[in-house]
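Across the two complexes that follow, chain A remains constant while its partner is chain B and subsequently chain C.
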Partner chain A sequence: MTTATIGTPRRQRRLSRREDVLTGYAFVLPQLVGSLLFVIGPLVAVVWYSLHDWNVLANSFTYAGTDNYERLATDPGFHDAMRASGIFSAGLVVLNVGLALALAVMLNQRLPGTATFRAFFFSPVVVSLVAWTIVWGFLLQADGGINGFLSQLGIDGPNWLREGPTAMLSVIVVQVFKNVGLNMVLFLAALQGVPREVREAATMDGASPWRSFWSVTVPLISGTILLVSILTVVGSLQVFAQIAVLTQGGPGTSTTVIVYYLYQQAFQFQEFGYASAVSVVLFVIVAILTFVQWQTRRRWVFHEV
Partner chain B sequence: MKHRTLYGVAGLTAVALTLTACGGDDGGGDSTSDGPADLRMTVWTADEAQLALFQEIADAYVADHADTVSGISFETLPFEDYTTGITTQIAGGNPPDLAWIFESSAPEFVASGALLDLRPVLEETDGYDAGDLEPDALRLWENDGGLYAYPFSNSPFGVFVNTDQLTAAGQPLPADLIAAGDWTWDRAAEIAAATAQASGKAGLVVRDFDFALWENLGTIWSSFGAEPWSEDGSTCEFTSPAMIDALTWIHDQIFTTGALPGPGTTADFFAGDAALTVTQISRASALDDSFGWDLVPLPDGPEGHVNVIGQAGIGVFADGPNADVAADFLAYFTNPENAERLAAYFPPPRTSLLTAETLQGANAKLTTEQLQAVVIDGIPGAVTKPAHANFAQLQAAIRAELDALWTADADVSAVAESVCAAAEPLLAG
Partner chain C sequence: MVAVFVLLCVLAVPFVFPTWWMVTASFKPMSEILRIPPTLWPSSPTIEAYGQVFDLQPFAQQYWNSMYIAALVTVGTIAVSSMAGYAFARIRFPGANLLFGVVLIGLLVPAEVTIVPLFRLVNWAGLIDTHWPLIVIPIVGAPSVLATFIMRQFFLTLPGELEEAARMDGLSRAGIFRRIAFPLARPAIAAVAIFTFLHSWNLFLEPLVFLSSREGFTLPLALTQYVDAYGGPMWNVQLAATTLTVLPVLAVFLLAQRQFVEGLANTGLKG
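Our next item is the complex of A and B:
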């Protein structure tokens, strides 16, 4: 009787808790099913396809084991694409994060017109990527707007999209201007979260503005720098539209980044199995880079416990 | 109980969603279908008049074959990604019943076995008159005696001329040069360079050549006796003396004389930005009365006169659920009566229809003399734009190597060597 008196509320609480949990799962089930069908399912399918030779026109789908991965290891085209992606990512991360931070610091001042400038620098983020890229394509033509402007200054501009080094630089700069506003807003939010009294204390201790920035502000926004870096690195490895519109991978293969190479293999050359292997490798690279960045956060993110 | 009901509904929803997603077409198509078929044909044109004509012919067929066909629709895919669009549909298990196929992809589609052999249905259809089809036009679409697409459009390349710009620059008109027997690539480049110098605009634009679609340069190098690969598609010919001569000539016209616009320069002839352009007659529709113009045949090269045509075929997918019905519709779509109507836009492979009078009915902007000289005389014996069973990979690989040619100090022979080094493995495969 005593046991029953004590046990009943417990059992009721356990049942109630179980029902709450199940109700919660029931509510997330549609999203879970969606993720399984449209995220996990395709991921598994791509891995499966990567183990096959798939000729769409001939309607053949044969098991190839690790052949596609072995081919990747010796494919100079893939190696070129890896190198191009590496250059693009390095350039984009340095320029994008550096410029976004500089803009955020400048626009964090309480000066007239800063709101207008913030809107100005953020506006490209809401513009269609393809439209943005097409416009830049016209500007970067040999007889385009940029060279027209340079000629007014007496400078004979290069053929931006047709020469190896300037083609890659152009693609990077176009991407930087497109997305720098988003990172700038993230940095602005972080900067506005830095306690004023900490900076004032540094100033009272005799720290120069530069010293105060590096020794006080940067550590306090290091978490946001980590976030922005991860997002930029991941985004840089997925660049496609800019390449397709501006350079189509050229000149030569200098701007053929991994996703463009993947697109060529799958949709131009009908090598769906091989392209799937490329996408699996790209997935692994992104996962490893993200993991490494996340794991190293303890070394340089100030307030991480 | 309420919770059980909730779990049950959620579970059933999940199962239903899963089954719906996984229970789609397997991509291979069904060999049979119940009831009248709903046919779908992919095309690249978005021209409303052309699509309206297609639909008119299709509706007439549906009215006569209501027991087998319930409807026929034409689906436009963007020109730039056209072939990619078709193969993506096939990979996604949603192939069209019929598709317009470019000449560059013809060998790949024909050799793959993806297309239905149309010869039996065309030859057995009453009144089709398959013997009227120009044998030269069929060659690209044949394999082992089978005909795997109908060469729907045979569009010769010619040269549109902005006569106002040439006259203003004091240059002779191509029509006069033709009459004098002096219409050569050298003369064309000469007047193009002089006109560009005078007008400040571009000289000669080759088929909107943007230094990526190199195959359009075939309109020039063919009359130099050059070809990108051997006729059997196994050997690279970029290093042949004829091709070196042609590439050297093209390079000189870009970087020495300025007759051809350089890389990165946009020049639309039809907007009045160039003196001459090499292109196909279908572009005549883009002309208005803003400047005087003429249409003349391609100039002669060192090897004389060579006509070049672009071709498109219509094929039926063999694995499609309605292949037989689609083939029957194609026979109707391209029978003598409908071919004559379609000739308004697409020069047909039917020899009986290749007359200036037939084509004039639909090409009011062009004179019978222009049609005779460029179209009628331009199709028989013409060279077709480059095509290969491995064309997509060759196109990309050669484009990448040819990029080195489009600089002022390029070494033509060295570039040709590198083109062949990149192309040979793909030609061999």
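Our next item is the complex of A and C:
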């Protein structure tokens, strides 16, 4: 009787501990197998491929050492792609973060209809990417809607997507309108964490709204600004569908961004080894940015609370 | 005050006008679409383009493809990520931190980086031009890692007493998860469901690489296929098809706007 009452809880505890461990492994198994099979395996494979000269059409797969990387270093097409991605990311992050912050500040005030405006600015986020891009492709073509309206004002608009300087600008602007709502919401959350008293104190001390925004609000949400900027840059490096639908990388190579170049090398020219080297470079850039973001995460969480 | 309001109205135009234009232009005949000055409302509305959407391609089939793939991916991701997230948050087992680190690598790897090896893998498995890679890879691969991370963050906040009480009542670990923790995770699950569905619905590069026959296409691919004999886009048909793919999601968003925005804001940090 006494032994049973002492023994049972201990045995139960040991049993449940073992059961815990087994359940733990069982629960993480699908995700773990998926990670090994579809993330880590392919990541190792892409590094391995990048060290090979692999032409599918010629059915050749030979070890080539760093040949592909040396080719990248001297390939004007790759340099153009890096430059296009750089311009795209820089333009996108400046316009997107700037506009998102401006919208968030305006909508953080007590105004009639803020909920409706938020819905308006956010709605493109839920419109599917290709659909949004197709509509803009229509608006931006030579005889499209935007030039139609411009001609009403007596302005002869350019062929936005087929001329060098405006093609990249168009792609950036279309992408900004698509996703600025997401950043706006993140900024709104951060702004709501800024204590009202702090801003009121600044106003009491005679600071103009503009001054108190730059000297009080911006420093307090700087963590969020940094985080949102990095997320936007990482996202911008992955841009593909917009380019494929709007410009096909043209005119010339002016909008051939890095993923579009990667796609061309792999699936149009069947240069899997060379495309893999491009993939590895893309991975390294994204990994560095993501690591920086992770390091700054604590600062961001602090301001979020 | 008034100035800010007017400014917001002007700024809203490029966000709202494209959707307005898409819907109204889809009811115009081709000749009116390109008319100058542009018309904001179809002068003689016609649903001709909507008929062509279904005549030129197996559009209903493609619609169904996108729907059932996104639904399966959403349900599968919720199952896989809630289990893994729960285990990483609440269960102590040897190697948990190491395994979590292994899984987190998925957050570092954009899908574009691994598209070549994944294509080789799918090709080797004989699954090119099937929907398997579009279903299985997102459920357990990189796209679900963010979901697992979100679920783990949620389960970390559950009070421990709750599980103690359930354990006293004789529930097993799996029982605690199924009966207590999972039902409580509804907000996190809703957020994961929203962004997973949108992600699958919008996928473009992967279907482009994995699919080859029109019957198997998903909507983003199908939308780009409405061209005339000379390769010129058939704008009215394309806009009608686009309207058909956008309206369901947009309608759900407008109905459940608050939950939608909050859900995505709390989680959809990638984008």
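Note that in this section the second predicted complex is superposed on the first by the 256 of 305 C-alpha atoms of A that agree within 3 Å, B and C clash if a C-alpha of one lies under 4 Å from a C-alpha of the other, contacts with A are read in each partner's own complex, and residues count from 1 in each chain.
Here is the rule we use: a contact is a pair of C-beta atoms (placed from the backbone, for glycine too) under 8 Å apart; a residue touches a chain by one contact, two chains touch by 3 or more.
Quantities reported herein were computed from a predicted structural model and do not represent experimental measurements.
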Which superposed partner A:Q295 touches (first chain B, second chain C, both, neither): neither
Touching partner for A:F272 - first (chain B), second (chain C), both, neither: both
Touched partner set for A:T74, first chain B, second chain C, both or neither: neither
Which of chain B and chain C A:T62 touches, first, second, both or neither: neither
Partner chain in contact with A:V185 - chain B first, chain C second, else both or neither: second
Partner chain(s) touched by A:P42 [first = chain B, second = chain C, both, neither]: second
In the superposition, chain B vs chain C on chain A residues touched: C
Which superposed partner A:V33 touches (first chain B, second chain C, both, neither): both
Chain C-contacting residues of chain A that also contact chain B: 19, 23, 30, 32-34, 36-37, 41, 138, 143-144, 267, 272
Partner chain A, residues of chain C touching it in the complex: 1, 4-5, 7-8, 11-12, 14-16, 18-19, 21-22, 25, 34-38, 80-81, 83-84, 86-88, 91-94, 96, 99, 102-103, 105-121, 137, 139-142, 144-145, 148, 167, 172-174, 177, 198, 201-202, 204-205, 208-209, 219-220, 223-224, 233, 235, 238-239, 242, 245-246, 249-250, 253-254, 257, 260-261, 264-265, 268-271
Partner chain A, residues of chain B touching it in the complex: 3, 6-7, 10-11, 13-14, 17-18, 21, 27-28, 81, 84, 87-88, 90-91, 108-109, 112-114, 211-212, 262-266, 319, 392-393, 396, 399-401, 403-404, 406-407
Residues of chain A touching chain C in the complex: 16, 19-21, 23-25, 27-28, 30-43, 45-46, 49, 103, 106-107, 109, 111-113, 115, 117-132, 134-139, 143-145, 148-149, 151-152, 177, 179, 181-182, 185-186, 188-189, 231, 234-235, 237-238, 240-241, 244-245, 259, 262-263, 266-267, 272, 275-276, 279-280, 282-283, 286-287, 290-291
Residues of chain A that touch chain B when the two form their complex: 19, 22-23, 26, 29-30, 32-34, 36-37, 41, 54-59, 138, 141-144, 159-163, 248-253, 256, 264, 267-270, 272
